[in-house]
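Two complexes come next, and they have one chain in common, subunit A, joined by subunit B in the first and subunit C in the second.
Up next, the complex of A and B:
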């Protein structure tokens, strides 16, 4: 239980760290914070404009008051104002975050499912199947995510023309209809496959190695002696040992999956949070970048907390200790 | 088992030697200068092994000259990350307040969304070489530190360290002369892994357009190829060959690491 409590504390510290980083970055960098916070070049601003921005951003107050205003912007849900896009950061992110979550969460779930089944089958029995699939995963692990995506595009969009290579929906389809839904799934297949393939090896290796580590335990020998089937041994005995580290790792990887989604969205020209981030980088829209970082950290921390709760609920030792 | 290790070692060293050779003396591999222009979008032929790109540069030449950039960033940032990781790893294995602080630091960096943080920090810090190396190192030390921490804790509980303590050696003496030598094989393995991580991170960053466009690394090349319509032109080698190089480099380091890994 202490481990999870520590984890929770680290989560909170992580979150505070991101908030402080976001607040400190534009003020610590060499150059005028006004330029960083508005994204407008200093030279192209008139004196009146400059004074207006300075007042609007509360840069004339002392640093603690500024921090107070920053915290306030986090709590009222606006996350700051993007002067480039002329909208609050939260409204921009909210309009895009759906696509990102559709890609990254689905990819996390699918890759975990495949890794669990595959890793258990490979890890529970020594032999050629284990060797081949482990080697294959090691090789996939060397491919950067954009390479996987490009290979898929070349194969399925330009070679065999069966999948679209950009966007999340075909034009001229009305929102909310069943056709729209299936069209969305059709467009999601390649991006999700890309991310799934990129995440698969690390997860597969964790499941396989954990399963391999418990393979020589005496209770497994006993189970085999009693004549239990392979399926029963795999899912009844080995899975229990694999579950804890696996669930913890899945929670950790949600944040990374949003990072992976940045690459995939750029590759498939999907209007998601990742393309919002890269557009913001090109346009030097610093408040928007910080907003994206904040939201990503928020999602990462929340997912870690949720998986910790799942870990506590599924751990028989902890469950009994509490009762 | 020994034989397969030898094969892995030879294969890894061959690929690595080829790339090192490429980065040290690129002129041996290609007759053209790095920014020499030819006709646009030439198909692969004897004079241009991989064809030319949208502004007429020979693609193979660009790959050869990109090797040193990729190598330099990969190796220097992983070395930095290694030093940082070893230091924080050993410190976090101490008992008491210092240990707790550094363990917390490790846990904190494990949780941070790495790529998004890197993109935002790179946007703030600017695109210089040094900045990119520092940033990649800043997010690359975590795994090293975790492994070093685990190993150090294991070593500290062993009897020869106890013996040292009984003889009254100081903490620093024990750390430098008794713990550090035992970490060397782990550090070496982590260095090989770290180069892989750095190269992958660098290529992902430069694929997203955060990088030096004039001295392209392999990731930058893919980014340019992607943005300038290599898909539509069917110039798949412009897109895929730099990626193949990245994979080969990563595979080479992995194979060497596999071959030199201690039997457990």
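Up next, the complex of A and C:
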């Protein structure tokens, strides 16, 4: 229990550190912070605009007052203002986060499901299936998501031509219709498959290896001696041992999976958080970068906390200790 | 169970194929599909990438510069000048805003006043917080009685004033006047041959339809811009016939893609001589070591220009002249071709006291190796490759080069007057890799002078301020005719050749690729293949 409390405290400290770093970075870099914080090329800024931005960004105030304004923007939910995009950071993120979650969360769920079933099957019985599965996953693990996505595009979009390669929808389909819904699913198949294939090996390997580690435990021997079926042993006995590290790993990787969608979004020309971050980096739009980093860190911290809670609930020893 | 699975699979495939059929239906319109990697967020005036699209189809500038002969030609307005000081623009017959209101010279005046009110020194001087004054551009104006013409009188004559009008897009006075904020629909009132029909962000598609009020009817019905997340996918779509051409502002197909695409059946290229210089070595002449002209000349003879040409060039690439300005530029002067000549390079180093000991790798003076830092943008992969080759060339000869790869802002701080002065330091690079766009080459006095002139308020990376150079610029400013201007520009190129403040590593053509089914395209020196004249003349055969 203490371990989980320590995890929680570590998460909160990391989060505070990220918030401070977010605020400090554009102000510590060489060059004019007006350029960094607006993302507007100084050459194209008029005198009037420059003064406007300086005042709007409170750069004439001392650093503590500036930090106060930054914290206020986090609490009021605006997360700052992107002068380059001419919108609050939160509105930009909200307009994009749906697309990212549709890809990354689905990919997390699908890859976890496949990894769990596949990993348990491979790990619970030594043999050819395990060898082939594990070798295949080790090989897939070496492929970057860009390569996986490109291979899928070449095969399914330009080869057999059954899937689209860009966007989240076809241009002429009315929102809110059944056709729109199916069109969205149709457009999501390849991006989700790309991320799923990318996420799968690490999840598979942790399940398989954990399952393999407990395979010779006495309680499994007794279970087999009692004549219990393989299915019961896999999901009733081995799964319980696999669950803890697996849940912890999934929780840790939710934040990373949102970051991981950067490549897939760029590849499939999807306007999600990943492309928003890429645009912000190229345009040096620091408020936007800060906002995306803040939201990603926030999601990562929340998912780790939820993971810890689930771990407590699923671990009989911890559950009893709590009671 | 198996039966259900088969039925589910058949249904899923039916949905997929029916949706595929939907996409095919889209292509039956007489539309041109243009691929781009530019990111569009809102598709409203003022959004940089959107403005670049719109300048080529809906928000048309006053004049355009033909990419074929680089001459300025009327677009929204015809023009005439008196002594290059007073320029009169007359709105072309029949020009109408997309809401049906006629375009007038009052719209031109309104836009100039709007810019002035928003900080640009148009009719009034502007003073920065540090006391720097930007002088106004015009000393006055006069509207004709019929409100179709406006005469703008410059503070100083400018034979090249039209270059400033190739990207000047006017605003509808009747829409903007008296409003602090306007709706997206109002912001999309335009005077070009096309008008934005829809922007589907989820699909990454902008669709333009024909503006019914434009005096000339295009042959094509729609322009569809498809936004791609990366160039690889965009060129695959082009090869696959899903798009008809590709476009990026101030860029054409780079040499790597050119080599692949030229082998593809069904694709054609339009090649125009470049006015910009993509690969430049820029010396800071105000600090050591390149305040010594002999060192600059030594470097110019130690580089292997054939290697640059072969490594980076596409069709039409050539070794540049010492006069820097591409031969295709109107007013370009024939100066000596750049060439690798170690003996001459060594002579120039000897004049400055540098010698290479037997068996030594680098030239030395008073025991110190000859070395310098070459600043380059780390975000620009091609520039990094230029820098690597410069380093290899010079180190083979005997000059040590330390690569200084920095982010764009730091690069600007090190190489630009404006950024460096804002940070309380001077331009601090020793030498830098840069690339000059068509627009940059022509700015202010033209012929890349903004990058050389130490007094330029923004650029000035070469930090040149000697009397000869300043005298030449003065002559360029004073020129009342094109002939006088070109004569002064010729002196400037001679100055570049003799003093080497910068080196063009190679000259190359601009290569625009398009489907063979798409015909009638023209190139604009500023906006490339995406321009009004192109889309008015373009036609596409059956897909």
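Throughout what follows, the second predicted complex is superposed on the first by the 316 of 323 C-alpha atoms of A that agree within 3 Å, B and C clash if a C-alpha of one lies under 4 Å from a C-alpha of the other, contacts with A are read in each partner's own complex, and residues count from 1 in each chain.
To be clear about the criterion, contacts are C-beta pairs under 8 Å (C-beta built on N, C-alpha and C of every residue); 3 or more make two chains touch, one makes a residue touch a chain.
All values derive from a computational prediction rather than experimental measurement.
*Asks:* With subunit A superposed, do subunit B and subunit C clash or fit?
*Replies:* clash
*Asks:* Scan A:25 for contacts with subunit B and subunit C and give back first, second, both or neither.
*Replies:* So A:25 only meets subunit B here.
*Asks:* Which of the two partners, first being subunit B and second being subunit C, lies in contact with A:186: first, second, both, or neither?
*Replies:* Second partner only.
*Asks:* A:279 contacts which: subunit B (first), subunit C (second), both, neither?
*Replies:* After superposition on chain A, A:279 lies in contact with subunit C alone.
*Asks:* Based on the superposed arrangement, let me know which partner A:111 touches: subunit B (first), subunit C (second), both, or neither?
*Replies:* Neither partner.
*Asks:* A:137 contacts which: subunit B (first), subunit C (second), both, neither?
*Replies:* A:137 contacts neither subunit B nor subunit C.
*Asks:* I'd like to know which partner A:289 touches here: subunit B for first, subunit C for second, both or neither.
*Replies:* first
*Asks:* Considering only the touch criterion stated at the top, classify A:124 as touching first (subunit B), second (subunit C), both, or neither.
*Replies:* Neither subunit B nor subunit C is touched by A:124.
*Asks:* What is the contact status of A:165 with respect to subunit B (first) and subunit C (second): first, second, both, or neither?
*Replies:* Touch partners of A:165: subunit B and subunit C.
*Asks:* May I ask you to decide whether A:100 touches subunit B, subunit C, both, or neither, giving the answer as first, second, both or neither?
*Replies:* After superposing on A, A:100 lies clear of both subunit B and subunit C.
*Asks:* Counting contacts the way the document defines them, which residues of subunit A are shared by the two interfaces, the one with subunit B and the one with subunit C?
*Replies:* On subunit A, the residues that contact subunit B in one structure and subunit C in the other are 29, 36, 150, 153-154, 158, 165, 266-267, 282, 284.
*Asks:* Within the complex, which stretch of subunit A touches subunit B?
*Replies:* It comes out as residues 6-7, 10-11, 13-14, 17-18, 25-26, 29, 36, 138-139, 142-147, 150-151, 153-154, 158, 165, 252, 255-256, 258-260, 262-263, 266-267, 277-278, 280-282, 284, 286, 289-290, 292-293, 296-297, 300-301, 304.
*Asks:* Can you tell me which positions in subunit A touch subunit C when the two form their complex?
*Replies:* Listed in rising order, the residues of subunit A that touch subunit C are 29-32, 35-36, 42-43, 46-51, 85-86, 92, 99, 150, 153-154, 158, 161-173, 179, 182-183, 186, 265-271, 275, 279, 282, 284.
*Asks:* Which residues of subunit B touch subunit A in the complex?
*Replies:* Touch list, subunit B to subunit A: 104, 107-108, 110-117, 119-125, 196, 200, 203-204, 207-210, 219, 222, 226, 231, 234, 236, 239-240, 243, 246-247, 250-251, 254.
*Asks:* Would you pull the subunit C residues touching subunit A in the complex into a rising list?
*Replies:* Those in contact with subunit A are residues 15-17, 19-20, 22-23, 26, 39, 41-42, 46, 118-120, 126-129, 134, 198, 200-205, 207, 224, 226-230, 232-233, 236-237, 240, 379, 407-410, 412-413, 416, 418-419, 422-423, 458.
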